[in-house]
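Report on the following structure.
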Amino acid sequence: MIEHPAPLTRVELARLVARDIPPNSYVNLGIGQPTAVADHLDPAHGVVLHTENGMLGMGPHAHGDDVDPDLLNAGKTPVTELPGASYFDHAQSFAMMRGGHLDVCVLGAFQVAGDGTLANWHTGAPDAIPAVGGAMDLAVGAKDVFVMMTLFDKTGAPKLVRECTYPVTGLRCVSRVYTDQAVFHLDGDRVLVTETYGTTMSELSARLDVPLTTAP
Amino acid sequence: MVEIAPDTDTAVRGIAAGSTVLIGGFGPAGQPYALIDALRRVGTGDLTVVNNNAGNGSTGLAALLATGQVRKIICSFPRQVDSYVFEELYAEGRIELEVAPQGNLAERIRAAGAGIGAFYTPTGAGTMLAEGKEARVIDGRAHVLEYPIHADVALIRAHTADEAGNLVYRKTGRNFGPIMATAARLTIAEVTRVVPVGTLDPETVVTPGIYVDRVVVTA
Amino acid sequence: MIEHPAPLTRVELARLVARDIPPNSYVNLGIGQPTAVADHLDPAHGVVLHTENGMLGMGPHAHGDDVDPDLLNAGKTPVTELPGASYFDHAQSFAMMRGGHLDVCVLGAFQVAGDGTLANWHTGAPDAIPAVGGAMDLAVGAKDVFVMMTLFDKTGAPKLVRECTYPVTGLRCVSRVYTDQAVFHLDGDRVLVTETYGTTMSELSARLDVPLTTAP
Amino acid sequence: MVEIAPDTDTAVRGIAAGSTVLIGGFGPAGQPYALIDALRRVGTGDLTVVNNNAGNGSTGLAALLATGQVRKIICSFPRQVDSYVFEELYAEGRIELEVAPQGNLAERIRAAGAGIGAFYTPTGAGTMLAEGKEARVIDGRAHVLEYPIHADVALIRAHTADEAGNLVYRKTGRNFGPIMATAARLTIAEVTRVVPVGTLDPETVVTPGIYVDRVVVTA
């Protein structure tokens, strides 16, 4: 386990996730914070981005004359097309996701349980309008589901939990959790801490209601 | 055989009150604005609309919702920053909402067009959205049984049609169009142009004309 | 009901079926005898032919320089492509069939029951290798399933029967039966004779173990 | 990432005995003759092969069957006029046969690639081929439950690949290729040529490179 002296900024967190995406993999970046990971991917590594509205080979955001109303990402923002791209319909796009063809997806989360169960789509508040989009498909579909989030919410409550209290998105689907204070690898049984940032194992163990281990 | 309609009002004629209407588009891309506007002008009511979202801003699907013509919406993501028309209707109990994971929504539409009676999907299994649905463990994995969404009408936007009704799309404007075209008894497509038969390369046709009933050219 | 003096030849039968295919319809012609129907379709009627190996807009058989090993029909014979054609994969092709998008398919048959149940894929002989191809998909998929066959087999046994003794292809799926001696319209409950060729209603009623009616 | 293999022997390396192998083609169109020949030369045994037919004449799939490498075949139409290789093996009890309606075969392959756990289809319901399978009446219509066909390897033939593994096909040579490419852990495509990335029009790609592991150019 590697200890770093300071917590990660949002930019550093995005850079860290980008570092851990294997070269030449097919990747879906969820809307919100995960989108920023794209800015830190080395083009020489050949990562191919998927957007669930029907495209592989998505390029950076479009600006000015490059904006094309027919070329949007899952967040409905104008993007660009890279050489080697392809377009397909929604059934094909989600078949690709559900069928396990994406190597990695990166999602935000409200909560992740120690067994990899994810909650990221609904606060469960009685007056909230439920809206799931492609979150449940990404959760069950990608070979590896990475979550990036702060380790604690604004009230200081941990978001890596023993059991999700928010409505779940997918069961036992998350393999890694990247947070501002630590990186966790989940294998369904154990929660392995691989790196800490501005905290220690004993501090983490004290604040999280999840048994933690480190690599031997 | 496909009919090339002279205008959008002609294109949307004969849609009955109470119809289930598939409406293509993911955001503005592929959204058939002109056909939606025509349906709004005609005023057909008691509709069930299927779309990925629940309308944005005050145009297109949002404008159709605002008239009160839509009784129920089936979608995956109704809560967007500018879905205020839907939010107000929903808060007032004036519209019914069925939320489906986006991939299940797409696959249910595809299943309707493909004559599949039902299918087991891992998406959503064990979540709130699977409550009340049949569940089954297949190969050690939790699945939920989902049924097709058959529709009376599909309104879609493609880029180019030929006179046989074959369609090609443009970039991410493709999205739900090809599957919605297969799942409705009456499929109506707005396009930027209609070309003579033989102009489109048969290898690149995305929606074969067999799925298309009416085509109309819009701006 | 119309009575004609002589039984139909194979060519006349094909012509008769071709006559009854509505203009501008999408049609699949099964392998074997139904293929000959194509020769009698009036090109001005705009009938579009589907072949289940992935094509709409199939043209006549290819000869000489027109033969293309990548352009075959369901019987694996070289064919041609008409303007307005399209190609698609096998899942799409059978989705089109199963989803009820074809207006008419024309199939051969071993037996058809009075309720429209079809047997055309397997003799049931214990040493026969079962081979179904697309027959079951066509039987359940097309809006109208037309059968063309001789009314009696080589032993003189009727092929329009009370119940199929051969293994069935599809239940209650046939809407019309075109034979050398008569045309039958089936609606699931009744067997309506619309035309006879070289026979009479009373002769048919005597030789077939199926209750027959004529239009009032 | 796709590997452009220098020859077919390299392209088929590492296929384990006992593998389930999807083999594309409908008749000669789209049949990956060169890859099948390579698999035959390598001699990998105890295979389960999935193809629409059971081989024709004495080349391609028929030649692979003749070596005895194939333990079982899953197909829709094994009885063709020139399927004598299969017929002899079958008569001698040296090969196992599973017959599936062609559309169920295609949909089961598609389901494997699409992550569908099982599906209800009307095709085959009430027939010999549905015996022992779950049945259910949906919307008044008989259906049978069919399961996906997951494979270890897919051998397919396309027309052109780009260096990212994107594939386009030619005419009815397309047939099973696009769905088989999605359903195997290792997908190998023979093509007539490989072009640089950016050459194929993204609108016309039929099989996105994500599904393709190895490509080899053959005559």
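Each chain gets a letter, A, B, C and D, in the order it is written, and its residues are counted from 1.
In this section, a residue touches a chain if its C-beta (ideal position, glycine included) is under 8 Å from a C-beta of that chain, and two chains touch if they have at least 3 such contacts.
Keep in mind that what you see is a predicted model, and the values were worked out from it rather than measured.
K.L.:
Return the chains shared as contacts by chain A and chain B, ordered by label.
P.N.:
D
K.L.:
Going chain by chain, each one touching the next, work out the least steps from chain A to chain C.
P.N.:
Step count on the best path from chain A to chain C: 2.
K.L.:
Which integer distance in Å separates the CA centroid of chain B from that of chain C?
P.N.:
The mean C-alpha positions of chain B and chain C differ by 34 Å.
K.L.:
Measuring centre to centre with CA averages, how many angstrom lie between chain C and chain D?
P.N.:
Those two chain centres are 29 Å apart.
K.L.:
With chain centres taken as the means of their Cα atoms, state the distance from chain B to chain D in Å.
P.N.:
33
K.L.:
In chain D, what residues contact two or more other chains?
P.N.:
107, 110, 114-116, 121-122, 169-171, 202-203
K.L.:
Would you mind listing the residues of chain A that make contact with two or more other chains?
P.N.:
Counting only residues that touch two or more other chains, chain A contributes 55, 81, 87-88, 94-95, 97-98, 140-141.
K.L.:
What are all the touching pairs of chains?
P.N.:
All touching pairs, sorted by chain label, are A-B, A-D, B-C, B-D, C-D.
K.L.:
Give the list of chain A residues in touch with chain B in this complex.
P.N.:
51-55, 68-73, 76, 81, 87-91, 93-95, 97-98, 122, 128-137, 140-141, 167-171
K.L.:
Of all residues in chain D, which touch chain B in the complex?
P.N.:
Residues of chain D touching chain B: 107, 111, 114-122, 136, 138-139, 141, 143, 147, 168-171, 201-204.
K.L.:
Which residues, counting only chain D, touch chain C once they are in their complex?
P.N.:
These residues of chain D touch chain C: 26-30, 52, 76-80, 87, 90-91, 97, 99-104, 106-107, 109-110, 121-129, 142, 159, 169-179, 206.
K.L.:
Give the list of chain A residues in touch with chain D in this complex.
P.N.:
Going by the criterion above, the answer is residues 23-24, 26, 46, 48, 50, 55-57, 81, 83-88, 94-102, 140-141.
K.L.:
Looking at the complex, which residues from chain D come into contact with chain A?
P.N.:
1, 110, 112-116, 162-164, 166, 182, 197-198, 202-203, 205, 208-211
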